[in-house]
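Look at the two complexes coming up: chain A is in both, with chain B in one and chain C in the other.
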Partner chain A sequence: MKKATVFALAMLLVAVAALTFVSGSTTALAQAPTITPVPPVPKPEGAVEITFWYGLGGNLGNVVQEVVNKYNSSQSTYYVNAVFQSSYDDTINTINAGLASGNLPNLAQIFEAGSQRMIDTGRTIPVQQFFERDGMMDVIDDMEPAVRANYQIGGTLWSAPFNSSTAMLYIDRAAAAAAGINPDEPMVTFDQVADYARALTVKDANGNTTRYGMGIYGEGWFLEQIHAVHDAFMGTPNNGRAGERMTEYTYNDAVGVQWVEFLKGLVDEGVAVYYGQAGAGQTASASAFANGEVAMHWASIASLRGLLSAAESAGKGVEVGVLYLPRNEGVTGKTIVGGASLWITDVGTTDQQEGAWDFIKFALTPEIQAFWSVNTGYIPVRMAAYEQAEMQAGLEQYPQFQVALNQLRLTGITDANTAHVSGIFVPYRTHYVAAFDQYFTGGYASAQEALDAAVATSNELLAEYNLTVGG
Partner chain B sequence: MQDDLHISASLPAAPSSSASTNTVHLRALRRWWVRPRTRDLFIALLYCSPALLVFGLFTYLPFFRAVFLSLNVTNQAGQAVAFNGLAYYLRILNLDGSGRTEYLNSIGTSFGFMLMVVPPVTVISLGLALLSTVKVRGIQIFRTIFTGSIAISLASAGVIWSLLYNPATKATAWLVDLLQIPTPSLLGYGPAAIPAVAAMTVWSGIGFNFILALAGIQAIPHDLYETASIDGAGRWARFRHITLPLLSPTLLFLVIIGSIGSLQAFTQFHLLMPDAPNTVFVYLTYRAFWYDNRYGLAAAMSIVLFAILVALTILQYRTLDRRVHYH
Partner chain C sequence: MNAYAGVRQSRIPYFAMVYGLLILTSLILLSPLLFSLSLALQGPTISPSLLPPDLSKLDWGIFLSVFQDEPLIARWILNSFVVATGVTLGVIFTSSLFAYALAYFNFPGKTLLLFVALGSLMIPFEATLIANYLLIAEWKWMNTYQGLILPFVASGFGIFLMRQYFLTLPRELYDAAMVDGCNRFRYLWLVLVPLSRPAIATLAVYTFLNTWNQFYWPLLITNTNEWRTTQVGITIFRSFEGGAVFNTQMAATLIVMLPTLLLLILGQRQLVSGLTSGALKG
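And then the complex of A and B:
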């Protein structure tokens, strides 16, 4: 071998070693346990195949496959073929792409942000028709009211609620107790939470902050939640729920501005830290919370198990507790539900449509609802699920879950405290979060200015969307 | 010769019997066909047809489709449902009186990015290529190292650099502290993010630019240098009066390709700063399509980019070509 070749090989080894080092530190970053996918059960001879697209990955996706397996094993007339579509966004985008060619699933799990677009495809069959035909209105009556309301648009239940959750303000109970805060009183005002953040912020001898009171990231869902709590509309007329399309977003109102200013004020005061936009920002804030670097964190109740196990493996003594979303003095409003529902499409044979409906009936039984809730952390669709021993044991194990249920049942249902319906739900969130981010990084002078810009873009998109559907 | 076509063209209008018309018509066609130029053209087209078919289907058809979509509002299935005229173009260029400049600003960001990428990558590659012509033992190893980044795809490079910029790896924490950036990552802060992505793009582009620059230098006849040396030309004078002029065609090519490439850059933005509010025009086009589902607007944006690239390339040829010495 030539001297140069030997040298080149040596250099290559050095490069490989350097890359291994880098990838080693990434593994430490992610720390996500590898999840083995649950295999589907084999298809029985002669069964009618139902294609089912879903968007939940990881452990949640496995539970979806388990529910599907339970269904496929319970009977042999139909066979549900569950196809993972990467994410909620990809599921509806793939449906859009298939609209022209008719390449659609028989059943699809779609997040509530996609409800209006699903209706507008003109390719769906409202599940209410099946409930009425089979005399199963008692099942609809038995649904958690906030969950049912979310998917009842213009008085019709379009899709079957499947996975639902609501937003919470997580708090480190250990830190709270040390700071003289009572974490067992979940009803809190903006002023109280600001005081909590101040009390929970810890500085070392050099004046460096070792723990911030709160972790913050940009997320449209919380803006919607705060509007619901204050019984204020996100858009007119009536959040798009009263049978008429929403024509205008109005979230640059007093409630929206107060919310964004509240969070920015905490960051400016040095008692909260901004982690960026939803996605990366959320992950960073969650990790900081589990590691005791921030004492409060905004997240869905469905994140409870993830935060509990992250806090445990971090070993920093963080005790995971939950509070209601903060509000103005005297406001007792409820939060809204976020999640996804099951849509039946009109593609394929009548047999396949019946099969899709049969699977929904199975998924909505109290037994499956209890199994689903206990294994995922989502809120059961059916009230009857709480009578199941499995569910009761789950509630006992996770008392935080009951706080979330109580928050969701604080007041009766109105159009303002139910998720708004709009064809540009997803883009509105993107533009809101972008404006939020720009405000937090110095791009806008005030919350009002940031929200005005986001609303202007939202309304430009909404008007265009409504034009395309002839509304 | 010209008359043949006139005869055949005017024949159908002549009120003569159909049989004789056909005979005359056929004779004209035959005469037209046996002309060598026509036949050559036909055969040439036949040979070109596979390429023409592919270009037609995958380049020209989509291009004209994009022009059509850019003039319409589309529904969620991507079908044009309402004629929109030039409204999207006016919106992009802020000529619609709305005073909203996000698209116009992003064109500026794209040009800023181009200026942060093309001059450094050209100068660094040229410098490395000059260094690589030095005759020392083991120079091949250095050439291999300088070429290295060509072997790493932009996607892989993006992942590697996203780790370098990730606050958790602390690899660039010193830079964040030095520049006193308010966010934990360079990529989280608008004014720092574009230069950070440009740095990655420069690194990634060095391999390709280096190879072409080196090949260009090695193609310069050696006797020119010898003659110049005899005439007493120093190192700098030889570079200034021999290398640079004779390398100028290569450099022009690199600058034009680099400019087009950096204005079209997508991968690195997708990997490093997908959520950044201030980003390059191509990435806003992607967002208009995928996030906002405004297919017509996205089509209009891609036509605007096309026009910019055509104009820029013509401008670069006009201004730089005068300084280029072909030999």
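And then the complex of A and C:
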């Protein structure tokens, strides 16, 4: 036993030593991420340190670090220390835990699901104050309207938009052309998409389906998108945007029921396949789309590059195209953006708050916005970014991106076609997706029943949350 | 001679079946690991297959590129190792002391103390999370090993396990030692602890693995990249929106699992004997 323990410890030490050694080597590898991670630049002597928490991992996280590096080497007054917080969820959880002790970052990247929560912490400074003080309202005016509207709550721009995307219906253009569908006409109705799904479904001689028309998974974001397209509220009053806190979810309305029934109908008809809840279901559907096993797939425009490269490496001849989200006849509504924004907190010194603001100014320059968009697939916050050569080249390379922008600009902004704000955003999505999943697996008799149950739970939680924050 | 050979022959199908079943079960049990390895070697793709489609193009370099992408991973492994070892030693020390008192001495409030220790098993860690966090933050122990280790060095499970094991050892041993002039502390460290190796090994492996796999506490209590532990650190390899690319994630996961796997393989015999002895005699 003693020998075994000593041996085990020795092995572990050897393993750690070996790993440490390996980490020092510099073998070049045939990997091609768009941005290779760059170690943070060293902090200059006497610079004010700004702590910045962010929640994007993988390649997107590398681009965040690269933007921070660009900022840090562009000046020496401030130094942004970017700390990855594992995910959007964990970022806001860590902030919640740190509230009592004041262990908060100076700057945080928070997904829009956390907007209401951030306001309710009472520890944030609306960025609008800084824009006004520095006479930079022209920058706000130059923002993509749908993006700006998302973070303007009760008439105030609380946080600086950073990464934004919108939802699309992806379609295999090659399969569409073969089925006599024109994928260049992005505006589609529910009936049309149902027809597409039927036409794109392929059966072999034995009657087995070899390709389904559409892949489906449970995801709250699309429910919100469909409400926006039809200019319908997710909750009252006014999606929680008009200065009054949201008190009730209403997504069990006609729009919500129609949406869920539409998807379930396609599955029942055998022209679509249900892959499960968001996360695993999304990955499965994306993978099936890239492999030509389903011809339509729901995803964010930020997924474009991933799907393009997956389709290419799968080699099944899938050509990635995009359509607007489907709607009822005659409806021309826009979609909403999802993503995250940058929040300045009131912790630390005024110098640090100024530094956080200085970084935001830098991140919102057209040059950085173009760099950010081209390397991530997110929509630029600033309209001026489109004048950058880098951005124009990007648009030329990815014409699908322009379709997404057009969809986002279909109509003017209303509270109904902008994302709702609520303190229980994440739990609401969990409950909706669970009810959706139960309906698809036979747990509920009708979409109405499933949505009624999800809304009831959501409203209980919402009432409880509103009570705790004194709303 | 002939008869002997005959017996051997007739046993061959039996052995073949046993080994076949064992290999099959091992493959099933190992499938998550093998699948991770398969995903890691397939190159960046969002639609991986169960097995690498082209065995001649296995991307072994992925393990190196994990270290290139994130050189801090060696530091994270070191952090996890120090923390898990520290917690393990702490738990063994406190559990032995507490269990010794409970098993060998009579004093007022003994039963109450036992129930307090057991009761602590019923309080989920999340319930005390904020209180622990505030205390550690107040002591300015964020981003330190002591902040990562201290909240876990006492364990109700450890106390209970050690107490049960101590009770199985003959009381006469204690009396004999006392007669021979051994004092109570010497008895604990020189007789009881060496005799309790199976229980201690079980507790050690269990505690080490649990601590190694911690996520939320290290996430809260560290907020610089250097002080992260493996489980928090490797989430940086997870891709978002559209790029659900698995190869680096899986390679990083396998790298941080390696030390725990080694521990489990090497400590397996102790672990099994420790668990069964606790189960039968406890």
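We take it that the second predicted complex is superposed on the first by the 434 of 471 C-alpha atoms of A that agree within 3 Å, B and C clash if a C-alpha of one lies under 4 Å from a C-alpha of the other, contacts with A are read in each partner's own complex, and residues count from 1 in each chain.
As a convention for this text, contacts are C-beta pairs under 8 Å (C-beta built on N, C-alpha and C of every residue); 3 or more make two chains touch, one makes a residue touch a chain.
Source: prediction; values computed, not measured.
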| item | value |
| --- | --- |
| Contacts of A:Ala254 with chain B and chain C, given as first, second, both or neither | neither |
| Partner chain(s) touched by A:Ala463 [first = chain B, second = chain C, both, neither] | neither |
| Contacts of A:Met137 with chain B and chain C, given as first, second, both or neither | neither |
| Chain touching more of chain A, residue-wise (chain B, chain C) | C |
| Which superposed partner A:Ala100 touches (first chain B, second chain C, both, neither) | both |
| Which superposed partner A:Ala177 touches (first chain B, second chain C, both, neither) | neither |
| Chain B versus chain C as contact partner of A:Ala393, first or second or both or neither | neither |
| Contact residues common to both interfaces of chain A (with chain B and with chain C) | 4, 7-8, 11, 19, 22, 25-26, 29, 100 |
| Chain B-touching residues of chain A, taken from the complex the two chains share | 4, 7-8, 11, 19, 22, 25-26, 29, 93, 96, 99-100, 117, 120-121, 274, 276-277, 279-280, 423-424, 426-427, 430, 433-435, 437-438, 441-443, 456-457, 461, 464-465, 467-469 |
| Contact set on chain B toward chain A in their complex | 73-79, 81-82, 100, 138, 140-141, 144-145, 160, 163, 166, 168-169, 182-183, 188-190, 275, 277-278, 287, 290-294 |
| Chain A partner contacts - residues on chain C that touch it in the complex | 43-48, 61, 63-65, 67-71, 73-74, 77-78, 81, 129-130, 133-134, 137-138, 142, 197, 201, 219-220, 223-225, 232, 235-245, 248, 255, 258-259, 262-263, 266-267, 269-270 |
| Contact set on chain A toward chain C in their complex | 1, 4-5, 7-8, 11-12, 15-16, 19-20, 22-23, 25-27, 29-31, 36-37, 39, 51, 53, 56-61, 81, 83-87, 90, 94, 97-98, 100-101, 103, 105, 165, 282-283, 286-288, 290-291, 299-300, 302-307, 309-310, 313-314, 377 |
